[in-house]
Structures are given as C-alpha cells and as structure tokens.
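In the two complexes that follow, subunit A is the common piece, with subunit B as its partner first and subunit C second.
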Partner chain A sequence: MRQLFAVCTSVVWACLSIGLASAEGDIVNLEANESPPYWSASLPYNGMAGEIVHAISQEAGLVSNIHYKPLKRLIEDDNNNDLGNPAFYMRNQDFAAVVPIAVYYVSIFYYKEKFREPIRVKSMADLKGYRVGVLKGTVVSKAAFERSGVQFEESYTQASLFKKLKRGRIDLCVEIDLVGHQVIRNLFPDEIDAFEEIKLVGSASPIAIMVAQNSANPAKLGERYSQGLKRIIESGKYNKILESYYDKGHVPEGWFHQLKKFQQIYNFNLMEPEE
Partner chain B sequence: MTVLLNSIKGKIIFALLLIVIAVLSSFEYYQYVQEERHLNQELTEAGEQKAMRLAQNLELPLWELDGDWVGEILATEMMEKETYAIFVYSDGELFTGLSRDEAWLPIDAVNNISGDYVFNSIDVLHEGEKIGTVKLYLSRKFMYEALWNQLVVESMAVVVLSILLIIFLVIAMERIIVSPLESILKIVRLMSSGDYSRDIKTTRQDEIAMVAEGFNLLKRSVQEREADLLHSEERIRLLLDSTAEGIYGLDLEGNCTFANKMCLKLTGYQNVDELIGNNMHNLIHHTRSDGSHYPVEECGIYKAFKSGSGTHVDDEVFWRKDGTSFPAGYSSFPVRKDGEIIGSVVTFSDITEKRQAESSMQTLVASTAEHVGDDFFKAAVENLYHWIDADVVILSELSDSQKARAIAMMADGKFIEDYSYDIKGSPCENVASEGICYFPENIVNLFPEDDELKQLNVESYLGAPIKDQSGKPIGVLCAFSRSKDNFLPATKNVFKIIAARAGVEIERKLLEAQFLQAQKMEAIGTLVGGIAHDFNNTLAGITGNIYLAKSEVRELPETLSRLQDIEALSFRAAGMIQQLLAFSRKGTVNMNPMVISSFLKEIVKMHAVALPESIRLSQDIEGNEMEVLGDINQLQQVIMNLLNNARDAVEGVKAAEIILTLKRFTADDQFLKSHPAITGKEFACISVIDNGSGIETKNLERIFEPFFTTKEAGEGTGLGLAMVYGTILSHGGTISVDSEPGKGTAMHVYLPLLNGDGKQVMAPVDEEVAHGHGETILLVDDDESVLKTGSDLLERLGYKVLLGTNGLHALEAYKVYGNEIGLVILDIVMPKMGGREAAEKILETDENAKIIFVTGYDSHQKIDEDSQETILSKPYKVHEFSQAIKTALEDR
Partner chain C sequence: MNTGNFKKMLHRVPLFLFLALMIPAVAGATGPRVTGSLFAVDKSEIYAVDIVPFISMEVAGGGIATEISDAALAAGEIDVVITTLPLQRMVRYYLSQENAIAVMGHHFKFSKADGKSLIFVPVVAAPERHYYYRGSYPDGLAWKGDLKNMKGKRYGSHPGEDNTAYNEAGIEVVHGRTMSLLKKLKSGKIDFIGVPSLSVEWLIKKYMPEEKGNFVVMEIADYDDEIIYVIFNRKHADGVAAAEKFRKALTKMIADGSYLEILKGHMDEQRAEGYLKRIQYHQK
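This part shows the complex of A and B:
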C-alpha cells in the first residue's frame, strides 16, 4: 500500500505548489495552482493552505500575495516562488528554502448505493476488477496499474469523477480527501453521506512554501516563514484553521507528526550537516 | 390607360410588357422555388452534419458529465445564427439546453420548441453505448430572409428591366411603326376625300412598306373600280333601256326606285322622274281588267317582296298614263341585301299579241283535234300549213332508223302522196334523237347532206318528234319555210300538242293494220284448212290404191315406175297440204319439251352439208339450258324453211353469209304491245340472218300469206313462210322480220321458254312395212274411198278387216265382235258420231280396247305431252301406218 501511494504521490496533483515571490520589503508574491479547498481565489483567505500562508505571513511580518496559474506553467517557471507539493517542482527548479506548512492525504471514494457490501482496500490487488477514476494527468505510470489488473479511467475534472461515480460510470475514484469532500459538498450537498471514503494509509504528502533562489535573501525569507509557522502552531491558530476544514476532532491523526517529518526532509540546513 | 390600349403601339407594348413580366416572374418564381428547395436541402444536410458533429464533440464532455464543457461546446454551436436550439440529454434526462430569446441571444431553456425548424436528433455514443442524445433545431428564418432579399433584388431588376423595355419599345414602335403609319394614314385620308394624286412613298423593305404598297394598290384598284362602276352603271342603264320588257324597281313601300325606257314607253310616261318616288301600284296597277278596284294587299308584286318569293302573273292589266290599259305579263322578284329584302324588281310586257296568238293556237288545235285517223293527219298538216305560214309541212312515220314515210304532207298548198325521205343527216334526225328543234335560218347549210332541203330551197325549219306511249320516236312533224325566222315561239307548243296527238293516231293506225292482217290470215287459214281436209282424204285414197296397185304390177317395171312417180307426186301434194294445215294451225302437233340449243345445232349440222361452199353458215347459239314446248318435226320444218329462204336470198351475193343465232329474250312492254297474241315474257329468240337481197318494204306485210312468193314460177310454192307463221303461232310464239333491200334480212322467231328438262330428240326414220298375223281390225271412216283403200291395204298387210262409216257403226261392231277385234282405227271427223266420242264409248265397254285415230285435220286435236293417243295424218305412208298398227297390237 505504501508503494501504491508512492506512485500516487508521483501521480497526484498538479495543484499543490507554492510559489514565493521575491520578498521586497514586506510583500512576497507567491504562485499556486487553483486547488480548492487548499488553494482557491474564491475561498475565504484563499483556502485552507492559503489561510495558513496568510497567518504565517502575518506572524512573520510579511504580506504574501498568492497568484494562481496552471500547474504546468508553475512547474515550467524556474524563477518563481511556488506553493504546493515540492515533489512536482524540485525536478526543474532549485529552491533556496522549502517550508512544509501542511499535509494532505489521499482517499478512495465510492457511491454506497452501487454496492451491497462495503469495499475494503488494503493493497493494489484489492482494486482489481473495479473501474477506478483518476484526474487526467495524475497517473504517472498507467502501465503499472494495468499490470496489476486495475482498470483506470481518467477524467478532466474532480467534479466529473464524482458525477461519474454517482452515475456508476466508474466504481471508485482516487482523490485528495479534502478535495473529495469539497466536491461532494458542492455537487451533492444532500447526499454527502451517500459517498464512502477509504483513507489510504501512508498517503500523506507535504504542502510547502518554496522560495526561489533568485529571491532577495531567500534563506532568511524561508526562515521567517518557518518562524511564523512555528508561532501560529504554538498559538493554536494553526489548529483552528485545520479544524475549520476538517471539523473539530477530525483532523487526521499524525498530522503534526507528518508535518514535522516533512519539515525535517526539506530542512536543507539540517540535512546538509548530516552529509 | 384606355387611350393607351386603344393604340396598336400601346397594345403591343402592354402585351410585350405582360409577356416579359410574366416570363421573368415565372422565372423568378421558379428560381425562388428551386433556391428554397436547395437551401432547405442544405439546411437539412447542415443540420445532420452539425448534429453528428455535436454528437461526436459531446461524447467526452457528456461521458464526463461536465456541464461547463458541454455548455462551452453548445455555446460555440450557438454562434451560428441558424442554430435555434440545442438540447443535450444524458441518460434520458435533460443535461443542458440552449435556445434563443427574442433578441436571438442564446439562453438556457427546456425543450418545449414548436414551430417550423429543421430538427435533428442523434444519439451520443461512448464506446458504442448510448450515453445521451443531442437534439438540434435549426431555424429557416435566415434562409427565408436570404431568399426574400434575393427576391427583392431580382424583382427590382425585373422592374428596372421592364421600364427599360417599355422605353425601348416606345421609341422603337414610334420610329418603326407609328410614324410610318401616320404617314400612310395621311395619304389614306387624302384618298378618302377623293384625292388619288399621291402615292405612299417608302424606302423601306419591311411590312410597313408592304402595307404602303398595299394601300397604293388599293388606291389604284379603287380608282379603277370607280371608273368601272361609272362604266358599269352606264352599261346597266343601256342594258335596261335596250330590253324589250319594261323594268322598274320598288322599295319596301312600293315606291319606284328606277325605271327603264321601255317601262316609260309601255306606261305612256315621258320622264322617269314622273315615276321615281311614286307608288307604282297606284300609278299603273290600281284597277283590275274588269274595272274593279285592285287592293295593293292582293297585288302579286306587293306579295313578292312581302313573302320573299318571286311571282309571275299574266292575266292582269297595267294602266297607262292616259287612262288606257293593256294586258300585261309581269314577274316580280325580291331584292335582297345582306339577306334582308329591300324591295323588288318588276319586269313586264304587253302581252296583247301573245293573247291573240294563243287564241289562234287554241282554234288551230281544236279544229285539228276533231278529226281522227287519216283525216287527222291531213287536217293537221293543212291547218299548220296555213296557220304558221309554212311552205312545207310533213307528218311522217319512221319506218326504220334511216327512213321516214310521209303519212300526210302539204307543200305549196297541195297535198303530196307517197313521199318518203332519208332522215340521216337531216334536221329530222336531230328531232328524232333530241326532241323539238327550231332552226330559224340557213337550214340548207346547216344540213349539207340533206339534198331534199336543197330541192325545197327552204330557209327555216321547225320539227317535233312523234312518240309512242313508251316515249320511243315513231315519227316527225316538221315544217319548212323559205323565209328566215318565220315561226313564232308559240308554234312550238302547237307542234308539241299536234305531235302528241299524231303519236296516238299512228299507234292506232298500226294496231288497226295488225288487226286486219290477223283477220286476213285467220280467214286464209280457215279457207285452206277446209280445202286441205277434203284434199287429204282424196290423197289417202290415191296413195292407198297406188300401194295396192304397185303390189299387183311388180312384173311390169314400167308401170311400177309410173305408179311410184304418182305416189311421190301424191305425197308431195300431201306435204303441201301439211304446210297449209300448219299455216292454218289446224294440223296435228305433237308438243314435247325440248332443249332448243341442241335441236338447232343438229339442224345446222344437217343443213350445212346441203349448202354450196360459197355460202358461209355460222352459228351463235347461247343458252344451253333453254327449253321450249314444241313439235320437233314442225320446228325442224320451220328452221329448214328459214334457212332455205336465206340460202335463196344470198344466191349470187359476194361473201354470202347466213347466221343462225339463239339468244334468250325478255320481252318489254313495247314488244308485248306489238305482239298482243303472246303471253309470258321469257323467250328463246332464234334468228336467221342473211346478207342477201332483202325484202321490198311493200312486200313485207304479205310474206306470210300462203302462195305469196317473189320467186320465179316453179321455184317456190309460197307456202314456206306461211307454214312458219302458222307453226310458230301454234307454238305460242311470234315472228318478226327486219329487212332492207340490198342489205339482207333477219327473221326472228320467238318461242316461249319452258322450265324443265328437254325430252324430245329427233328419232331416226324407220321405213320398214310391218305385217300382221290375222288379227282383226275395225276400220271406221266416212270417206268410202278411204274405207275401201284402207280395207284392201290392211288385208294386204295380213289383217282381217271390219268396216264402219261413222262412230255409231263402230260401237255396234265392237259390241258384236269386241272379243275378236284387236284394234280400232277411227277417223276423227265423221257424221253422226265422231271418232273421239266413239272411242270413249268403246273404252267404257272395254277399257283395254286399242284405238288409233286418223285425220285429214283435227282442229281440236293438239296433243299434249302426256297423251298416249296415236293419231295418223291422212294420207299416211304405208310404213308409218303399218308400224303404228303393229305397235298398238303389241301393246295389247
């Protein structure tokens, strides 16, 4: 299962990137892909991750402006400050600092009325025989799934995935948990409970602020964001933001553990001494 | 508009305009319909393609159930203005729908479209499975807008074209037609006012030039006609004034419209103005001849144009200006114009002279008609001679087609007797063939072949045919004058009347002659019949005795020879008697049906042998089926007599020829009338025709009389044709003769035809004397010499003989010796009781009695074909007598 979500990590999304614009004075321009409820210009405080960025910036004495671009352009632009999963950006761009600020999890959703028995997914083999929907462009190695006997079907939008799920055109769909919840709430507000979520163990991935090398004092900027994060976690503001999206008591267990783990992974300063 | 349409130019332009508009409109309409159909087709095809494309484009969005994506595609499709609405269904439910609002902007809509749209519905498939439906509505609005715009533009073009056409036509018509026509009209107006001085001139070669030329011709024609009319009026006036009859015209009121000079002369007026406009009935026709008033309503002239038919009156009077009247004959005929009567024309003349002539004519006819027979003929020629002032009048009968014989003739005041003339080449030939003829002058030159005319030295001729009741010309009534045009027209009618009466008189004369001839022949027949009977009895005694004497002098050859001469002379005398009996029709005849053609052929065969080689005998025998009832021996004698006469007639003639013909003849009324004794209509006509000397006309009526002959003494008995005559009459036929001296004779024998098979043929003569074997024969005859001779002869023939002198003796003898008597020989005519009555009595007592009759003649004994009686004529030849006895006895 861990292998599955290693793949999924490479699969999923193009939407979770964080751009950090050059910090001139107190204003930092960041670029992200529209990925509600994490990043969205239409959500209050630009979504959950956006609200965290703004909260961090406020603590760090910065003003962060988030600009939205398509994921592909974000990846191809080597000089911007990105917001999102560092795994997508670091192949093309060297960043001065990567500050993980949140975690996201991948779940499998299905429409309960279509099945008599609850579906259990422990490994890739459990997906065999199902039609599995994924967002187009998120499957890195389609052949690997096909070799495992998993029948994939790509959709162009998250909404399509869930509509098709309800219509029975696909049996299962793979989606980031909060994204899935958000789509279900928007499309089928009266049927939220009709959809079942299977949380994939080990599917946690980081959401980070990536400061470009060409930014002014990029390391210091990174540090200021790190400090700002630390302070809002400590002040409980961070937790409030999470609960506003996960509901109180539903923030995934191990969130902070995973966050810390990722902070350690992308703490270049810490890693370098280890070398 | 009315002015425009009243001109040819306007009509042509209007018509052309209508045609152009109609053609262009029709073309436009056709174009419109074609374009509409084409655009509809395009729109339909476009709809189908669009729907198909939509179905393809919507496959993924609909599979993905991506409303935005679907919406974007639909929005793109709605950019085409013809697209009125698109509805996309997913799994049977409306997924997205767009339609148009009033401003033709796309709006979300549900599918409640109604109206005239091009509609297409097509399923959306994903991997072969239906996942939805797209329904597309295309509007025809823009198609019709485009069509309408095109129609408006083209209509404007039609209007502009029509206006240009009108302008062009107006100018062209003005130059080509109107202007030249106005020039022509100007000249025509001058012509109508009588000015013919100018021709219509044109340098063109088109129809207008033809019209101009036509008017020029018309002008010249009118000029000529006016001149002709003037000339014609003058001629008519001259004509009217030159007629011998008065002529005047009337209008419907009876007023005079014109009158000729003769009208003025006859009515005594000097000037035509005295008549023109005045009522002619009141002027000249107001009073009848008896002085009574003549109402115009009863006037024949008035009735003529009232009834619309012509009238002719010749028993009224017209009144002169001086109050005197004259008998007038007038004709009045209506004058019509365009079928309507507008008046009448009256022609009249003074018929005073005509009346007088008619009166004289009636007197003439009446004075002639009171005579009959020869007196009539003489009265006719005498009255005509004096009345018509002729120099010669002849009433003649046609003896044949070439000759006319005057029955009565007066020339230069004297009756002429025995006058006959050839009519060939004479005016009488014309009369006989064509009817009444009048040659007013130069008659001698008109008929140069007629020498009689030259001798008479005449100038004019009038002739009328005399016909019998069947209409056949039998004579001519003619008059000659030495003056030109000497005979009045009314004379023709007199000739007609007298000729008609003359026809009756000639026919009556002919009938009387025939009757007299018949009476004469009958009297001769009676005379010779009586003589022949006694003479035959005498001959019977002579010949019987000669037979007996011959048997007794066989040893004296010289005596026997003389007796044989006496016997031959006796039988020759008997032959003459037979012919006399045949003429008188008192001989015995044995009538049997016979086929006449084979009979004639046999005779020709027999007779040809006896003819000299210089005479050619030919035959033309038809009708093999014709049969007659006849005595073959007598008919044979008839034909032989005729052939012998013909032979004698052609003697000495170069290329002598005798023709024997047989033809079927159907008698017409004329033939039956000429031969009143015959009955029936179908005859066998046997003709013996020769080209010999012919018979003089004066001898024709006597040739059938006994002993009349033109042959030299000793060459003929004068009994041949008499025998022929009697024989043919006894056969119910008749005989006629056509003969012309120097040219030949045709004798025609007519025998009534019989229906049935011919039975009789000529039998060979058997001259053997048959002898008896002692049988007893009762011989009865009132002539003692016959009785004695007969008795001796029978005994010589080997019979026993009982004798009787009348029928009573015969009965008594048969009562006593009936069982012994084998045969009774009875003379038919005997005193007290004749042979026939005696035979009946004998047969009453013995029905098997055998009887032979002998007779000198028996007027009652014409034996029919069914009779079994045997009759022998006296003097009988011994072999015939003996054979008859033998046959009778063997029958027993």
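This part shows the complex of A and C:
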C-alpha cells in the first residue's frame, strides 16, 4: 500500500512538473543512478538530493525531470546532464557547468553490545586490530591500510555488512551515513539503539548537477541552478530539506562550509580551460 | 561521534518509517570509496589528478604512481595521504589556495615564478606514443617520425601540455582530456594524439572494447616519456623536508627492487623492466 502511495506520489510529481513546465519555465532532463536516500524514483520528491534539485529548479523557473539509469550507462553517455558525485563522470565527459548542491559523508558503524568501551577512530591506525567490513571493491589503497595493520572483510551488499556487525563477524563497517541509517532501520527496527555511529568528518564528497556541453545555453543553465540554490539556502528551504533527513538541528557540522568549498573547487580556473 | 543525534534520527517517524519501507534491501549501486583520506582530518594531503592507470581510484592501489608514492611516503615516514581529484584545476586549487604540501600529476605548466617554489620528484616515466584512428587513415599516416610531415593536421593535446613542437610544425592543436581525445580521434575531429600506451589500453578496455585495435601506434625509433611527478611545495612548512625524505625513499625502492615489484603488479615483467629503466634514467 505504501509502495503504491510512493508510486502515486512520483506520478503526481511528474504531472505537476509537466504542468509547471508549461506554465513557468524550461524543462531540463537530468539523469541519476538509483541510490536512496539521495536519489530514488520511489521516494517522495526523488529523495533528498532530488528534493533539493526540484526546490532549486522552482526558484530558477525551471522544471527538472530526473530519469534513472544504471551508473555504467550514465558514465558512458557523454551527452547527458548528470546528477551525483562528479568524480564518477568527469573522466568520460566534459561538462559546461558543475553545480555542487549537497554533501555526503561516510561513517563507521558498530554494534555496541560487542564492545565494553566506546570505539574511537580518528586515524587509519585506530582501525588496527578490528575486522573492518566494507562493500566489495570500495577499498582503494589496500596496501596503505595493510601497512597500518588494518584488515578488511568484503561484502556484496550493505545489508550483509550490518548483519555481520550484529553477528560479530566483523567489528566495524564503513558506509555512507544516511545509507547506514536506512539499512539499520530496514533490518533492525527494534534494535536501532544497539548500533553506534562514528562520523568521519574528513569524508565529505560533493553531490552536483552537471550540465552537458550540448545543452541549450549550458553556462546560463548552470548559472540559473546556482542562483536557485543560493536563494533556497537564504530562504531556509534548503535547511528544511536537510533536516527532514538529518533531523532538526543535526545537519552535519561544516555542511555549508564544505558545500561552498566544493563550489569554489569546481569553478576554480587559474589556468587555461580544460577543454 | 554524535550518538544522541544518530539515535534520534533513527527513531524518526513518520518520514523515516515511510522511507524505510520503500527503500530496496540493497540500497544504491555504490558504496563509499575507502581511502586513506577518509581518516586524514589532521593530516597533510597530496592532491593528485586522475590519470588512468597511474593515478586512479578505479585501479588497485589507487594506480601505479599512487601505489609507488604511498610506499615511498611510508618508507620515508612522511605522514601524509594522497587524495585523487578528477581535474587538474582542482589540484591546482589546493596548491595555490590552501598551500598543499604537494601535488601529483603531469602537464601542470607552472609559471616560472611558481616553479621556483616547487620541487619536482619523478615517480613514473611512462613511454608516450602517438596514435591515429585506423578508420580515418586506413593506409596509415606517413609521418616518418617527423612532425614536419604532419603539417596541417590536428593534434589532440592535454591541458597544460607543451605544444611548442606541434605549433612550430604547423599543426593545429585541439585540447581535451585523454578520453575526450580518443573520442575526437574516432570521430575524425583530430588526426593524432600523444598518450602513454598504458592509458590508451586501459581506457579502450573499459570504455570502448569494441574499438580494440583501431587506435594505431605511429611507430618511430624513439619516443618521449610522460613523467608523473610528485611536486612538493616549498611554501609549506614541511614541504622541503618531505621532498628530501620522499626522494631518498624512492631512490632506495628503485635500487632494492620494491619499485619493480609494484610495477609487476600492474603490467607484464618485460614492460615493468622497461619502466624501471626509464625512471632510473630520469632520476639521474
């Protein structure tokens, strides 16, 4: 029933979008990879980042339609407008504008009952002695971790990681914070208090709107998104969206500083253009 | 740690309950990239520009140059981590705006003034070859190893690349990153490019496997090396000392065989031996 409601919400949103488009502004097609709770066709307003995109678009007089495709197809398509972490897309596509709109963080989770004292992780060396669960293929510098005595156990799904935590097969697991929250809620709704989270404050990554070079007037489009973002931040609408996912007053510390920094980095142009 | 916040969030109703019931069991196609930089809050960082397969989060060890540099940093007891970024201008941002201890990559094209505050340490010397697209030139490109024979042609150049020789030969220069250049080559928008063979092979295998064999090496007797450097910043309080320790550790790795061992993890033995000889040459 709830899933039906979600589908209906999406359909209504799409219809509203089309109506708004004809009445208020230009339609822009954007593409994302299904990755809840940030982007999802089955979530209200397309998830947290989707809701931000729609709020920005409304301010900018645009209607943004989000289409979902497998990540591989998004990366390979070098003529589309992408949504997500630019690092995934920029090798294969040159964009006319990159507008960071949000930030995501990584946390370490553990099952409290298995440990007498709270675990503290500030450096790689602090992981030594623990069995650390990660999603398969996500460890980049394995040798560097091994030199610090860190041992990883890989799993194919997030659900498996958290089940292993509870069973004690691993001690810690590394996961994107909001994704970790949702997996715990899904799998262990009666044991939410049993899990602990350690936020990795240095883990911020950008979520952006990337405007393809072959879009109509792409630089202007990027500017409209930037201005729309500025306005929803000023009006407080942006923060309300974040608080519906992070809870009131608990948006990660430094969120807006990081967002501003990503905006500077992706628009830094000291030298000749990349293209 | 923010325990109270975490618990409070997990208890949220009705939105989170609503979301939780709709989210598939396997949430999302991608997980976090687990790199040293996740744990680098109080550490200096070396910012590196993505150059497959030399610097890349998609390659084991973070890429050939990253793995070698990581090992040299550990051996030299230099407490920094390497962070990979997609664009050169982002790496330059950290150097110029945040006084990074070092950056890593190639084709940076620093001004003379900037160059005085930098210490270049070559980490990998990759043989660079010229390529053309078979479909555009079925009979080959009769260049005979001399750029003068390419007058009027279009060369695909990376941002920051020194194009003096191409300009002097009357060759038009078109800019782009490697993947973009390969596509331009295929579509006939440019005539030839100069790229390390390992990069071309990696990108074709990953993004256009059906094109294997269609990007043809323009054979010559000798060719240039594409050198990937770690470039230390004298303006950073620890930059000079770190450069010295890094160079010393790297030299030792080259001499004791550990450099070669890392290379062998990424390429066949014969090729690895060739790479070793080239870095030995550039270390002199």
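The rule we apply is simple: the second predicted complex is superposed on the first by the 242 of 275 C-alpha atoms of A that agree within 3 Å, B and C clash if a C-alpha of one lies under 4 Å from a C-alpha of the other, contacts with A are read in each partner's own complex, and residues count from 1 in each chain.
One rule holds for everything that comes next: contacts are C-beta pairs under 8 Å (C-beta built on N, C-alpha and C of every residue); 3 or more make two chains touch, one makes a residue touch a chain.
Since this is a predicted model, take the numbers as computed values, not measurements.
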Legend entry - Partner chain(s) touched by A:T157 [first = subunit B, second = subunit C, both, neither]: both
Legend entry - Partner, of subunit C and subunit B, that touches more residues belonging to subunit A: C
Inset, instruction - With the two complexes superposed on chain A, say which partner A:S244 touches: subunit B (first), subunit C (second), both, or neither. - result: second
Inset, instruction - Considering only the touch criterion stated at the top, classify A:R169 as touching first (subunit B), second (subunit C), both, or neither. - result: first
Inset, instruction - With the two complexes superposed on chain A, say which partner A:F115 touches: subunit B (first), subunit C (second), both, or neither. - result: neither
Inset, instruction - Pick one for A:V201: touches subunit B only (first), subunit C only (second), both, or neither. - result: second
Inset, instruction - Starting from the residues of subunit A touching subunit B, keep only those that also touch subunit C in the other complex, and list them. - result: 157, 159
Inset, instruction - Spell out the part of subunit C that touches subunit A in their complex, as residue ranges. - result: 1-3, 5-12, 15-43, 50, 52, 57, 60-62, 66-67, 70-71, 74, 81-82, 85-90, 92-94, 96-97, 109, 159-160, 175-177, 179-180, 183, 207
Legend entry - subunit C contact footprint on subunit A (complex, rising order): 2-3, 6, 33-38, 40, 42-44, 70-71, 76, 78, 86-88, 90-92, 94, 106, 118, 120-124, 126-127, 134-135, 138-145, 147, 152, 157-159, 174-176, 179, 181-186, 189, 192-193, 195-203, 244, 246-247, 250, 264-266, 268-275
Inset, instruction - Write out the stretch or stretches of subunit B touching subunit A in their complex. - result: 60, 63-66, 69, 91
Inset, instruction - Would you pull the subunit A residues touching subunit B in the complex into a rising list? - result: 155-157, 159-160, 163-164, 167, 169
